[in-house]
Each structure stands twice: as C-alpha cells, then as structure tokens.
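After the structure tokens below, expect a handful of questions from me.
Lettered A, B, C and D in written order, each chain numbered from 1.
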C-alpha cells in the first residue's frame, strides 16, 4: 500500500489497522512556534468517536491521542509531530467468523485481490477507524487556520430522503453540536433522527450528504491547473471511506443552469483609503475561480453511501464461493453522516492549510 | 504557479497560455517499446478541438502535435515524451478591450489576486486551450491501456435540463461520435442540439454532465487510503475547467439509499480449472471498493457549469471598479460538454495508467 | 520542518526528538506477504546503538521497536508499517546548561535561526538518535532485498589517518562485526581502536570514512536523469548527520584519471543457451552507468566529520553573545564511524528497494 | 523513464534526446512579476555550449532557447515556463556504426538492459546535451536568486593532476570566464590547458573537479532531515553526467580531522541596534549545520570522471558479443570540466531557489 501520505508542504502520513495495536500519524511541515491546545484536539477526536450517541456504533473507543514529538511545552517546534491513538477496544474474537468471508460492498474482496492477504478484523486498514488519524491531523491544521481567521464548518445536509430546506441558509455561527445528527436546521434534525431510528429497528442503514463551509480564506489561494483548490478538496474528501460524490458551488445543479443565471457579477466597494475594493457580488462559484480562492466563502457537499454492514443481512459468501450464514455482531452504524462531519472538516482543513503554505512562496 | 504536474509514476507536466506561442507538455514514466500511432493522438486532439461543429466556438485551432522526444521510429524509448501544440489562431487584438476587465465568473480576478499580473488574452493559462495538452497526454495513456484491454468511454449525459433516460444502459460499444453532442442516446441527442441552438440564439450558455465508463480494469488496482482510485479520479476531473461536481457508482443518489438496496452481493462462477471465480453480482459500487478496483466497470459523472462567456452580457467591471460596456467578440461556446468528453477521458486514462504502473511494484 | 519523508514508492517518514517520548516512523509501499523476522530488525538496531562498546557513547538506549501496524502473524499486509522506539534514557536535566548555548558546529544555531525555537535537550531532532528510525526502516528494506538476492555490506574504511590498505579487496563475505570498529581488515582495525582510545583520552574526536558494497542488483535499475541511482544514493547518505562527502566507483580519484585508464571494456561470456551474455569486464564505474545499474557490484564511500561534541572544549557562547564555561556531561562519542555503518547500509537499502519497485512498472 | 522532474516547489521537468528534434523543459513554481533578461539566459547556455574553444567538442550547437509560455512582455506570469532548444547539428549518419555497439563506460548497455530499446545517436537521452536544459532552468533560478542577493560561482578546481594551490582563496569576485578552463588561478589555468592539449594529441581524455561557492544565502534555509541542503545539493550534482563524487565544507578531508580542529566557534558582533549578532567565526562547516544554512558561504566540490569517448580506442563490442573495430568520428571532448561549471551552477541555483520558496511557509 502506497499513498498513505496526504499533502505537499504540510503532509499527514498515517498508519494503522482497526484492530492492531494503534493507529497514528506524522504531521510534517507544520509551522513552528504555534501554541497547541491538546484539549481542542481531543475534542475533535471526541466528535468523530462512535459510541457517544444511541445512533452510532457502540464501540467504546477512547481515542486518547499520545503526541510523541514536535511539541515542547505546548508549542510546536517545526519538527514532525508524531502521534498514536491506541486501539483499546479490540475484540478480535468477534471477527473470527469473518476470516474467510467477503462481506458485500466491503473492501475485503479488493484487499485480497490486491495484496493476497488481509487483516479481516473489523476491516483492518479499510475500517473507518483510520479516519481518527485524519481528524487528529485536521485538528492541527485547524489550529493553524484559526490564527489566519479561517474557519471550517461541517454539518449534516441530508440523511436518506430527509434534507434541510433548500432556502435555509447555513452559517458557521450555527451550533450543530446541539443535536445528535449535526444538522443546523432543528426541525430537520428531528426528522433525521426519526429516520435513523426506524432503520436501526429494521437492521438497515442509510446514506447522506455532508455540507462544508469554509470562511475567511483570503483571495489568491490555490494552484490553477492540476492542483486547483477544488481538485485537492475533491481528492481529500473522496478519499474518505464511503464517499461517493463531491460538488462545490452550484455543483450538479449548475449542469442545468444557464450562464446568465450562474455568473457572479463583480461589485466595487469604496474603501477608507479611497481605493475601490472589487469582489464578487454573489457567490454561486463557491468561492473559487480558476482553481484559486476569490475571498468569498468556499462551500461544498460530499455524498456518502449507506454503511455496508447491516444486521438485516445474514447470508454471505466465503472466499471459496460457499454460502455462509452469520449474524454480524460487531459495531455497526446505521448512519455515519454525523460522524463523517468532523472527518470532512479535517480533510478540508489539511487542504487549505497546505495551500496557504504553498502560496507563501509567491510573495517572497 | 505550481501544480502543473499530474501523476506519480506516469506524469504529465504541462505549460502554455491560450495566446502564447504554444501549449505543450512532457509525459514521463511512459513504458518503453510501445508503438505509437500518431494519427490516433491527432484524432483525439481533433475530438476536443473547437470549430468543427456549428455548436462550438469558431476558433480554428489546427492543434497539430509536434512530438520532440521519447519516440524513435514510432516506438517509445522509455524516455520523456516532450511535445508542443502551436497556437496558430492568435488574434491578440480581439482581447485588447479585456486588458483591464474582470469578466464575471472567470479566473481574471483570481489570477490577478494571486500573481499580481495576468495574461488577459483569451484567459491565458486559465483558458480551456490548456486541456488540449491533457488530451494529448491522455491519448498516450490510452494507447498503453488498450494493450492491457482497458477502454475509456466518455459521453454526454445531460445538457441543461435534457438528460438521457434513466433506464438507458450505456455501453462502450455505442458510437457517440455520430452526433455533435456525443450523446449515446439518439433521441436525446436531437433534443440536446435543439436546446443548445436555442441558447446560442439567446446569446446564453448551458452546463451539463459528462459520463465516463472504464472497462477492463483488473481487480486490485488503486491505493486504499489517500490515493483511492476514486480520489485520484475526482482530483483528475475536478481539475478540468468548469467542472463543479464528481460522483461515481450511485453517487449523490446513494445518499438516499438504504444499505440493503446499495449492497452488491458476490457471486461465484465455476471456472474451467474447477476453481470458483468470485466477483460482485451487481455493480452499484461503480467498480471500486475501499479505493481498489473490483474488476467490474468503473463509471462516474462530472458536472460542468455553463460557460461564463456569453454574448448576452454587455456590462463588465474593470479593475478600477468602473462599469465598462463591451461585446465579447472572441470565440465562445454556448456549451462545452461535447468537447469536455475527450478531456474527461484523457484524465481518467492518465489516472488508470498511473495506478497500473504503481500496482506492478506489489507483484515483484 | 518539511522533508521528513524519504523515497518515492517505498517511503519512510520519520519523527522524533532525542529526548521526547519516542522516535518512530511509517514505512509505506512495502510489498505484502513478506515474512518479517523481528529479531533481524532488533539486531540491526542493536548494531547502531551506542553504549555497547567502550569506544562509543555510554547512553544506554535499549532501542526496542514496537511495530504498531502493517504486519499480521509476522507477515506484511501491504499496509503502512507504523513503529515507535521509545526514548528510555532521557536525562533532561543533563542538558539544562545548554538551554541558551549554541554549541560550535552543532545545529542549535541553525534550528534557532529557522524555527525561532528549538528543543535543546541532546540536540532534539538534530540528534543522531533520529538515525535509529532509518536503521529500522532500512532493516525492512533489507528483508525485501534479501529475497531478491541483493546484499548491502557496509564497513569502516578510514578513521582519522588510519585507513585500510589500498590493495585490500573488500568482500561481503568478510565479517566486520567481529571488531568494535567494523573494519574488515583486522590489522587496520587494531590501529583504528588505538587511535580512537588516544583521542578519547585527549577529550577529542575524529572523523572517518564508511564504505558500502551492494551486490546482486540486477542490471537496469535506476532512472537516467534526476533520479540516477548515484544521485539518490548521494542524497540518502548525505542526509545522515555529520556526512560531508560521497563518492562512488573511482570517486574523487577518477578526477585524476585518463579515459583510457577509467573505461571498463565489455566482455562476452557464452551462456548455456548458446547466446552470449555481455557485461563489463572491469568495474571502475562502480556498478552504475548513466544512472542505471550494470549488474556489477555498486560501491561507494561516505566521509564523516569528527563529532562536534568534545570534552576538550569548555568555552561556549550563549544566545546573547556571552561566554559561558561548562563541561559537556552528556553522552558523546569520540568516533561515530562504526555506528554510522548500519545507518549508511539502511539508507542504501531504502534507495535500492525503492528503485526495484519503480522499475517494475517498465515491465508491465 | 521516470525521474525527469527536479525540485519540490520550484520544479524543472526536462525532455530530449541528443539527436531528436529538440531538448526542452518546463519550469514550474517560478514566482510571478520577475523581469527576465533573455540575453542572460542565452549567455548561460553559451557558457555550457561546446565548440567555442579549441579544447572542447567541435559540435556547433547554436543552443537558441525558445520560450513558449509563462512570460509576457519579459515579465514572468507565475505560470509554467515552457521552453525548447532545437537540435540543429544532428548528423545522424555519424552514428550509424554505433547502432549495435555498447561503447565502454557509456549508458548504451544499461539503457538497453532497462528499456530493451535505445536511441543510439550520440547517446540519446544519456548525452550531455541534456544538461543544456538544466542550464536554462538554472538561469531562471539565478535571476530569482540575484534579487535576493544570492550568487552562485562555479569554477575549475582540478583537471587530471593539475590543481589550484591549496592556499589559494577562491572568491566570487574572480573572473573565470577569462580563460578557457574557467580556473580562477591564472598560473594553474595555463598548466591545465597544456595538460588537456597533450591528452588531445594522445586521443585520450581527463577527469577533474569543479568547485562551487554560494554567497548570500540567509541563515535558516534547508530542511533538517532527508532534505538537508547538502543532501539536495548532492542529489542535484550527482545527477549530472559523469559526476562521481560530491563533498562540501572540509569534505573527505574532514575524515582525517579532529573535532578540535574542525569545530567552528561562534563570534558575537555588536550591531548598531545594540544587540549582538551571532555567527560562526570560521566556516569549515561549509555554510550548513544540521542541513540548514548558517548564513556563511556554502562551498562544495564535484568530481567528474574522464569522458568515456576517446579516439585512442578503436575496438568495441557489439550487442552480440563480437569485436567491432571503428573510429569514433563524432564530437568528443578530451575534458568536460570547464563546460561542467555552468551545469553545476545551474543545479545549485535550482536547489537554493527551491529551498527559499519552501522556507517561506515557515514565516507565515
């Protein structure tokens, strides 16, 4: 397996199987002299963690981060930040039945095809547990971005057929942590919870859409061709387990629009210095033109498929082509959307922070 | 500008402004000993070229590729393939009026913000002309993939509100080159053409969706975490001008699905060797599980916004915040979807070929 | 700090300060299905470790590696191998005096210049402790290479003015572990030890040269331009603490040679298949031509400066420009050459293994 | 062939065979708004060009650079700079005899082993002609560095046994362009020329050493572990054809030194602001500590082997193992050292400029 490093100047390299000793990572290229509040990082990990809601998997991951390097007296040294998160709740025995089973729509089959071997315990490297490391890495990126006035705000937009109203305006001021589904629209949140509970009873699962809003990015960030900001954001979030789609600005809806509807005119505001400040008057573009930030809000959506592990299913095929009847007893979520919110935020934070560093070279 | 190199082992590095001397690129890592049919590459370039349909921009780009290295007697040497495509139809004067104008929803504004300077002639580096180089690079990748039995088939799925029927099954056997819009469903093609012609008369433009089908990829290709096949495909196509969304498999529709609907069960076919061959019985996954190919068809969609240059618009804002009235006289397309088809294919081909090379290291 | 990842397909990313909680790393891209003998890795770490010879620093590093991922039942999974080596002998208090001192020829000064902050305890990230992680990573690479019949053999060539005789032929059959200086020529080893002991008494230190011989590399490995095998080897070993020079083949001596002396003629041996096998008859080239392996032995030398920490020196300058008198009480080596041997081997192993993986893409 | 891209943020990607249509490259990541004097670039190319001295190959390369993108009205746009240098003096017929010959100590053999095919005309991609593109890329880097007060000064240190006196102090003020061998010490230059002329008559060739001095690099540039400044410089120059060794600071001589001799004490100078400025009082380190620049001069040496093409040799082995008698009639140099000077400078300039850009991210 190659490809476990993300980023160019600010990089996150990760390791870890779901039921091995630990997952962890190395953040490289993080600027020196930045004060790190460990509680913030732990809180971000807590937001991703299953088990703290009746709606999610009961796995009791404690997700305590141990920072092994790169920080002295709570301040970054500029050297790589190595960290681990131990896997404490490893019930390997739970997975014995799965040893030779290819669970439908899981990566069991493809890992076996690629590597000729796989860690069958809880999905191994393909487990969503891997995303804990992304959240930790993203938490560091967020701390850096906060100093620059940049905020990353993720939220649940849709769960199954339940969606926030089209005319509802999302703002980073809204508090999505107040409800279990991280939906900024309270009425919709109630319906989402009902929908998930219903599926839970059926032993089924549901997909959904995570929205993300990034505010405060100065104009001029991003590289215009292959590393367009939207290309790097797409790569970042499409690398998350179960992500099936990415769109920014008007997204797939833009396909139906006319140029005269979609274009954002510019406006000129007088500044105190007597000079005019030009910026887009509307923001259908989603804060990016030609791969470079306009200075307006960046917003995008990520579609996730329903979790493949469902209790409804009891027939499986083993590696030899035989039918195998078993009941999955592990820790399964009927809906991962609320937990995907901090993962999407983390990946977005890594992209924006990396591009901030890359861009600085132009202003030497 | 950094980020003009795409790929890891098989790389394409590109250069060129729309109205400079030439655009071009360097393909590195291409295997040796492969026969190159230059006519195939020229035909791919022809497919992207504007001006050969009443529906597209009248710019008469001849797009003749000059291969400068890497090939001897039509066979690849394994050394980098350098090539240029001269810009022959450069009417710089056409763009004089635009020198200090920020066209709405173009990259004029963001380039100026980032670099403090820009080539105003036809969009400079931000012009769709840059995609000619991608198509040339992709054509080489396609030649390599054809030898492996892999085909990349792009087509127009939707233009404005006109879409191919939901129950229409796309196959790489269909001939999309027979109609001007590259739609595999003839009846829909007619309606798409009518819609574009109508917008052309209004001086407006439309967005659309390009679909892409990749057949013949063996199981086991792709890297499971950050370089998941879908992440690299998303990055590849979201780096194309005007792309606003990417989805694969059930895509955004999967958000509304239940696990019991979305899961692909496995089936076991007996092989002549008496062993059973296991593979997914259905392919809602879109040919990828855990970032790795399953051996089934890979399929995805890319949404494009409507072109920002429209004749309808006559009021612009210049860099100083003043209103400027002018009529765009350059070469504008009411719809770029048909021309985007070969660009999407090219980017997909580069991704798959690169991953084929990366994967080979596992089987040493 | 960026640049803590080494390699292209097989990568090693490292972290860790000398007196932090741990040093460690992530090996990515390592092939699946390879049996790992942990004792071999521990033995490699033992070879680098100080404290097991009267000639080296008395720091009692136990250097126990904890492998956290990527291996199941002693076999590699193809997923990233995360590992840590805890820092057990951290006497932070020993370094209190150094908090505001720039030790001559150490990195204290430059880290402060770059980052505005530094971990003063034992050199922090600039400590030779960082090389333990390289040795661990290299041990994995060696296991891979052994399966391909490739051996990496490092040895001490020179310590101060004491050098192995010019006409002595080095072979990977020689056992360098039998003497404390890892010199394959027993008579020279005795003189080297005497020389080091003399310097130890003087409170001084000495430089030296490590030689390295790589056997069994098949012809055709390496990339011909910027990633020439010798360029990547040079980069690999010049990134080791205290390395001041690299040469391969005839090295600096070749500057004085004539073409007629330096050229290696080819010879043709008849093979059992009746075809002739062509290969260089001599190997002044050092096993590489045009950046690509010839199939002959690869051999190179690395010069190391004398350790900057010496007991002789008692006057230092602090950050404010004041003279500060102190006796270094930490763990200092009069000569690091014998311990540098496994580090040089490790870096060479990583380079060759990476190039083996990269090369496989050409033979698809 | 992979590995034709050099650098991280400022990259040079190159292509081209010696006797193909052209060599060329793409410079990516070059800052915007920088005035480019094309005559400076042409002069750099002229310095590398053979044929303008009786001592070098008579090949009449005109080496005219055609810049195809990235520059408008002589000012960089921040977009990639594509350029080509046409191969005008291609006497393909001259090389017909070499079609199936493996010239001793050339890359003919290894290219054939790696790729199964090769361009036999004048060495193809392995020809020193490839270095013209490095010189062009380096010329751009030099223009950037000049604005930062950084100078790169290369010179001939040694040719065969003839060397500049050990006590001669090299300064970037010296004019090495006044003599054909680019030696800053006039008396030595005369002896070098005599030595080369003698070998020319014998039909033989000689190696040598190029020295390089870099002044004006601010303290704090470089990455402390794998991308140490010296590691990247070593990689850069060891990737040049015929380079066999690299050393910086005291280099191989440091192996014989004691710590007490090699250490550079610090000194503190009072500044006008009343604060003390601390810097090394001597510079045996060669301007780098822990991989990071100290602010002092960076100096290093590169050893080159004698050119393998000599007229003395008339017996060759062909691919089939047969003896083949022929006289090389192409363009051969008895000594490439003077021409290697601008190539070494170019590679050094690319490294320093790239690290300047990378470093800027730390000061956000």
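Definition applied: a residue touches a chain if its C-beta (ideal position, glycine included) is under 8 Å from a C-beta of that chain, and two chains touch if they have at least 3 such contacts.
In this text the structure is predicted, and so the values were computed from the model without any measurement.
Novice: Find out how few touching-chain steps suffice to connect subunit A with subunit C.
Specialist: Shortest path length, in steps: 1.
Novice: Where the centre means the average of the CA atoms, what chain is farthest from subunit B?
Specialist: For subunit B, the chain whose C-alpha mean is farthest off is C.
Novice: Consider the two chain pairs C-D and B-D; indicate the one with the greater count of contacting C-beta pairs.
Specialist: Of B-D and C-D, it is C-D that has more C-beta pairs in contact.
Novice: Roughly how far is subunit A from subunit D, going centre to centre by Cα mean, in whole Å?
Specialist: Measuring from centre to centre gives 45 Å for this pair.
Novice: Can you work out the whole-Å distance between the CA centroids of subunit A and subunit B?
Specialist: Inter-chain centre distance comes to 26 Å.
Novice: Whole-Å distance, subunit B centre to subunit D centre, using C-alpha means?
Specialist: So the centre of subunit B lies 39 Å away from the centre of subunit D.
Novice: Can you work out the whole-Å distance between the CA centroids of subunit C and subunit D?
Specialist: 26
Novice: When you check subunit A against every other chain, which residues touch at least two of them?
Specialist: Within subunit A, the residues that touch at least two other chains are 1-5, 9-10, 14, 29, 32, 78-79, 111, 114-115, 125, 224, 358, 361-362.
Novice: Where on subunit B is subunit A touching in the complex?
Specialist: 1-6, 14, 102, 104-107, 109-111, 113-115, 125-126, 130, 158, 160-161, 199, 204-209, 219-228, 230-236, 238-239, 241, 243-252, 254-268, 276, 278, 280, 284-286, 288-295, 303-310, 312-313, 317, 319-322, 358-359, 361-362
Novice: Mind listing the subunit B positions that touch subunit C in their complex?
Specialist: Subunit B residues touching subunit C: 8-10, 29, 31-32, 78-79, 148, 224, 356-358, 360-364.
Novice: Which residues of subunit B touch subunit D in their complex?
Specialist: 1-5, 9-11, 13-17, 20-26, 28-29, 32-33, 66-70, 72, 75-82, 84, 111, 114-119, 124-125
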